[in-house]
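Each remark here refers to the structure printed beneath this line.
The letters A, B, C, D and E name the chains in turn, as written, and every chain counts its residues from 1.
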Amino acid sequence: MSKIGVFICHCGENISATVDCARVAQAAAEMEGVAYATDYKYMCSEPGQQLIRQAIREHNLDGVVVGSCSPRMHEPTFRRACAEAGLNPYLCEIANLREHCSWVHEKGEATTQKAIDIVQGLVEKVRRNQPLTPIRVPVTKKALVIGGGIAGIQAALDIANCGHRVILVEKEPSIGGHMAQLSETFPTLDCSQCILTPRMVEVAQHPNITLYTYAEVESVEGFIGNFKATIRLKAKSVDEKKCTGCGLCTTKCPNKKIPGEFNEGLGTRTAIYVPFPQAVPNKPVIDKEHCNYYQKGKCRVCEKFCPTGAITFDQPDQFITEEVGAIVVTTGFRVLPTSFFPEYGYGRYKDVITGIQFERLASASGPTMGEIRRPSDGTVPKKVVFIACCGSRDPAKGIPYCSKICCMYTAKHAMLYQHKVHDGESTVFYMDIRAGGKNYEEFVRRAIEEDKVNYVRGRVARVYERADGKLVVRGVDTLLGAQQVEIEADMVVLATAGVANPGAEELAQKLHISYDPYHFFAEAHPKLRPVETNTAGIYLAGACQAPKDIPETVATASGAAAKVVSLLSQDDLVREPLVAVVNRCAPPVYSTCVGCFLCQTACPYQAIEREEIKDRQGRVIKTVAKVNPGLCQGCGTCVSFCRSKAIDIQGYSNEQMYAEVNALLNHE
Amino acid sequence: MKNYQIKHSDLDGWLEKIIAAGRRVIAPVTEEGHTDFRPIHSPAEVAADDQVQTIQSAKQAAFPKAETLFSYRKEGTAVSLDQPAPESYLQTVVWRARPCDAAGFTPLSAIFNWDYKDNLYNARLARTTLVAFSCQQADAYCFCTSVGGGPGEKKGCDILVTKLPSGKALVEVCTEKGEALAALAPGLFSEANAVADDSPLFAEKQSALAQLPARFSKEDIRRHLAEAFDSPVWREQSERCLGCGACAFVCPTCACFDIQEDPHGSHGRRIRCWDSCAFALFTQHTSGHNPRPSQATRWRQRILHKFSYMPERLDATGCTGCGRCSRACPVDMNLLEHLTSIAQK
Amino acid sequence: MDRLIDNPYLPYVMTVERITQEAPGVKTLRLRFKNPEEAENFQFRAGQFAEYSAFGEGECTFCIASPPTRKGYVECTFRQAGRVTSGLSRLEEGQEMGFRGPFGNTFPIEEWKGKNLLFVAGGIALPPMRCVIWNVLDRRKEFGNVTIIYGAKSVADLVYKDELKEWDERPDVQLYTTVDPGGETPDWKGKVGFTPAVLEQVAPSAENTVAIVCGPPVMIKFSFPVLEKLGFRDDAIFTTLENRMKCGIGKCGRCNVGKLYVCKDGPVFTKAQLNGLPPEY
Amino acid sequence: MNNWNKQIADMLADGTVALVIGYEEGSTPQKTRPLFCHDAVAAERLVMDGRCTHNLAVYLTKKELLPAEGRIGVVATVNVLKSALQLMQENQIPEGRFLLMAVGPEGKLTELPDAESLRQYIAAHPLPDNPEVAALIEKIDAMSREERWAYWQECLSKCVKCYACRAACPLCYCTRCIVEDNRPQWILPWASTLPNIEWQINRVMHMAGRCTGCGACYAACPLHLPIHLLTKKLTQEINREFGTERPAKGNVLSTFSPDDKENFIH
Amino acid sequence: MDENKAAFEPRIIAFVCNWCTYAGADLTGTSRIKYATNVEIVRFPCTGRIDFMLLLKAFAAGADGIIVSGCHPNDCHYTSGNFHARRRWIVFRGLLDFLGIDVRRIHYYWVSAAEGAKWAEVVNQTVAEIRELGPYTEYKKVANYIEETEAAHE
């Protein structure tokens, strides 16, 4: 650029009080490449902007430096003014003479000289600016939601209700997730299924939602607005179109003693089964691992009884590909099983159960029809001990974090127990009671004060079985001066830690999203971008980020949905062109990129792809890096990493930054 | 010019006088077992006279690895230029160069003056006095006698010193610059006779010189090269070449250079610096097209330039047989071996 | 201290008098000597080149694009590609820059007197030819027919648009302009096709005609056989070599082609001369 | 002829390999040099012993030297193998294009056809640390900062920028080296102290976590400047700060750990 | 402090990221906290973008000191740019020190967008320390050498 205009703003007296603006303009006029320089009282005012526009036209300027307030303030204003005068807005740079100079220094020669230096630096930078055009990326107006728990259901419904199509993928035979397993929910004690199942049905019936259950995401390619997801539809061995859901097969299946997942092993199911009565879709699948026919080659009872001939033993897994513009990951979490805890008997004691098992016992649809009965002998336990923080907040167990929901559900469990077993005694061992949330603290107080739950502050050292077969819980009461206490129990309920799902890491790698050391998915920013990932276009909701309760899960789901909707409401994504670019040049070099691809790991956004450069015969000459402008966020880490300087970043290019640094030190 | 004799033991005294006269003296210095030309300030710094060669040649005295061509200053739209002053080039003595170093200045001067006169080089050369010492030993890489030089050859020397077995050294002064240097220590020298081919002094000098039978002749090489452009020999010989510039930079006759800018804001300098035809980018066009696209073509250029093109255009051979390139080559490209094989083809 | 005399690397200081944007990325600079005495003594001939300095960036080699018959200034036309050409592009009118030259040989215009001239140029290679063309046109009577074939990638890439118009309107010049297929605009009136193909269509008889061909290597490669087919003898075909140069004065070692120095023995060569050179250009 | 020479001659004769890169006797009995064997006859000249110090891996990325079709055999030292493995990890040479072969002490030829076999062979043949290098680094570490500056300034002022260090390094394979980029001119292209220091800083930084410690840079330097101390020192620092394990994907400087420790950022 | 040091005004270049330190320095301004004029700020998108060569170039161009500052760990706008940068500086600093380059002249900080007051302290402290060290002449001198042996002879 050879004709730079420099415009020095007084900002009323904000700049001119300590900086001699006229002198800065004068010095700028002398700088190489500067064709016009002036100062003015308020550059950002309409007359000020008009002055810039007029100068651009009159002097045919091909670059502009405005010395004014911080670019974080008025860069858009001045760039717009330039654009209005026909100058590419990216040929305008802002010299920060206010926040970085006039406001922080006293009036004097040094302050004015510094202002001149700053302007000099940016004049040299802008002389090397390139005209840029915003990047447009088309958007596929369809979303993929992975996980059909309450988070996925909520997100899918929110997006679908905005008129966008949604693919909802659930790996189990039914949607519903953990929430479908719960009895009643804190702090209102309303029935979980009563509030959930209508939503499940809504999902199934929504014209904008395509539901794939018993399905998993196989791979994801592409980038924001343009993902391509391959989904594996696991063979259900039941033709869904023919099946009417009559349930006859499940009553006839000879294999009836399979521990049911939905009931957390406390109840049984058949090999051809519907996980629970309100399942959506309410059609059975055959669990091949337990099916006599698949395992031994004989049986086919279900086939014989099926009135519609829906059983299809030879059905293979199917793969379908969906193009989507956005992805919401709502794969949830799981709780640790009792077998994780040696001190509580490694799961050997049948009456030591997890909180989620207790939910099934307390649930009206559960194996005991909502009566609290011991798994071992079916009797009603008279003494129940609840142990909070099982695994959580225990660095020794590798889980230093708080699982967040346990304090509340333990209080709920104790309360439910007291409501159902009026002469029962319940004791809760806790470390701290964390009941932050609307009506939460009141809820816990109610358990203690109205339902007379015995809260003991202390860790439980061990649970053991006495010779007489009674369970004994040994712990300390720290409020009694770390006194050892031993409590007999008919049943022990462990509030085991919420942890990431087993396949979380693998899924994160498929999606190229980051995860924390516990394999929970990482948000782009913990405060300001809590439902986004670092990969543009992929969002998070619910307990796959960290254990969350239902309200928080639903809130994040709606938040993620809002992000998706705002993305899908655009035909094109328009992005700042300040992105990295891998150079291309004439043959025989094609690009100075040597294709080591070490930059790929430097990129937090997976924006660096491989491109094969081919000759006319289609033979690969070399493989070089290419930046996907849809994914690149413009941090420039790859630029300073690239050994051969084959990557550069627009707007902060090597040449620009080099020139600016040198120019700042120009005066002697 | 006159000839003198000086005792071996007085050579240091003479050098001391030269240093005391304010000359910059560059001499072989041994550091960590390797000997190269370095500026010295006392005769004690000079390496023992038992090595064949320094790593680099003496060409840097007149053709430094980087030098200022001119400087500029920009003020507003105006530019003013300033030239180096020849007086700023130090009066330099290259002490204990070898005859092959001295011989190198003939082709260098030819390159720098065959058409336009390169007055920067000329001014530096005019301020350089070469005190060469005849070679009393040669190694496997030496082949000066095959390219027209010799261990006691005076061509290009300002002074040639030959240490004689007698304990005296024969000092043959070849130029006025040399005479001026001898004049700095008149007391140390005794006059000697002219060294005619049949004189006893000549015989004594010959007896003190390294024995190095010629392996081929320049003419042989040139004749073979005339037909060799498309020969497979270039690829064969250059296969292991790494494409570095070591051979060119230690060579006493390589003069390829680059012109570069040294900007310091509004002022700066234009610099000339060594370059090498072995570098892939040396001839590459901005478009990416490269007239010499492979190391084989670049190796061919190096040999043809020195042994065919230069003799034809400049009447000079671009090689003094010093063997430095072979010693410096990281992959043992042996010029003598390669030339011999060409000459035998 | 006295300064070095006759430093062949010291440029003349020139003032940028006029900048013309010829095509996207292509500019013509008109330069005037800062020192009138140097202007007085300066002489050059068609085909010669020079080294142009943007101080702070370095030197770059282009032919002198203005004809020696126009005194008082020199012009160069270049495409912004590397560091120096970017530096030259950043110059504004009134700013000073460096100029070293003239260097190299020339087109033997005197020998062409009375002959027909066929100019074939492609893209940014019109400048070396423009110098000769104007030189010839300024002495129009001394030559026979003048035919110019000029091709570029697209209409926008044609340089010297005003002059093309002027030549087109002259009755004593036959001008054919062409653009590569796909490079035409709706109102394009010239030809569409690659330069060698157009050459084959419209070339005049080889009889008493000299062909001057400048352009990218691929254009030259395909134009030579066409000329040969048309009956042009190798010593009646002239071109310029574009080897990389630094010093311009036969020392730095870059531009050597065999025993020749493009900067001294060139840049103008006949096809006959090229036939005798190793293919290192 | 050694048995292994014969084996290689056979491989060349039957077309198992189109070319074998190895070592032959050099100009003096003290040294060997790289040899390109295109036929069985040339295989007789191959040698392998302690004098074979060139890192032949440098040739594996020079396409102009390699036949377009067929496999290329390399009679390799452990240093060559280490560099070849690094080149594979950096996508520079496809597995299978080269047949790397090690010659055991009793002349037994071991073929190492893929990255995994290379890894195992290298692990089984650890190279001893050079105590002289370690001692030199300690000597420099013990200097005051001013002494270190003087040492390197003096040392690198001698550099002539012939780039033999770059040319000899198998991992300096860039299409365009940073010194050849003039937009901006990161490193001034002539040989004087500061540009020389800057060049070495860049060379060494670019080797961070990649240098296999073969010492080819030092061996190639015609001025015998101890530039290998810089890469060695850097490797020491990296090992100390980030451990000796290298990331499976990427590079020491293109990856990070949130737990990286430093004490100089405030 | 001797008079020379008092008269010496160090020239310092600050390489800062746009999202934290640049914004933090803006806050220093809006808070009207005064600091020394010796520091000039260059804005980068992220500390990950700061090429180590630019630091060396600043010294060569005459800087006496350098500030490098970005987001605190875990606060990077781009998640990990500052982690990459930190690793780079660890390695780079070790190498510079081994070469005898004065690493005391390069100050590294984390200054967040909220730490306007810290930025003023950072600047003042750096200026004071560099003033104490004096001008970085040993580097500038070398930056001007061309004809080495001649320069050494003088």
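Quick notes on this structure:
Everything below uses one rule, namely that a residue touches a chain if its C-beta (ideal position, glycine included) is under 8 Å from a C-beta of that chain, and two chains touch if they have at least 3 such contacts.
Model, not experiment: these values are computed from the prediction.
Any chain that touches chain A and also touches chain D is listed here: B, C, E. The fewest steps needed to get from chain B to chain E, moving only between touching chains, is 1. Centroid distances from chain C, each centroid being the mean of CA atoms, peak for A. A comparison of the A-B and B-C interfaces places the larger number of contacting C-beta pairs at B-C. Chain centres here are Cα averages; for chain B and chain D they lie 32 Å apart. Chain geometry summary: the mean Cα position of chain C and that of chain E are 49 Å apart.
Averaging Cα coordinates per chain places chain D and chain E 34 Å apart. Rounded to whole angstrom units, the spacing between the C-alpha centres of chain A and chain C is 62.
Counting partner chains per residue, chain D has residues 183, 185-186, 190, 192, 253-255 touching two or more of them.
Shared interface positions of chain B, defined as residues touching 2 or more other chains, are 66, 74, 77, 258, 260-262, 265, 271, 287, 293. Multi-chain contact residues, meaning those touching two or more other chains, occur in chain C at positions 82, 92, 95. Pairs of chains in mutual contact: A-B, A-C, A-D, A-E, B-C, B-D, B-E, C-D, D-E. On the side of chain E, the complex with chain D involves touching residues 52-53, 56-57, 60, 73-74, 80, 83-84, 86-103, 107-110, 122, 138-139, 142-143, 145-146, 148, 152. Within the complex, the chain E residues that touch chain A are 9, 11, 13, 22-23, 25-30, 32-35, 37, 40-46, 48-52, 54, 57-58, 61-63, 77-81, 84-85, 88, 120. On chain B, the positions that touch chain A within their shared complex are 74, 76-77, 265-266, 287-288, 293. By the touch criterion stated above, chain A contacts chain D in their complex at residues 589, 591-602, 623, 641, 643-646, 654-655, 658-659. The touching residues of chain D, counted against chain C in their complex, run 182-183, 185.
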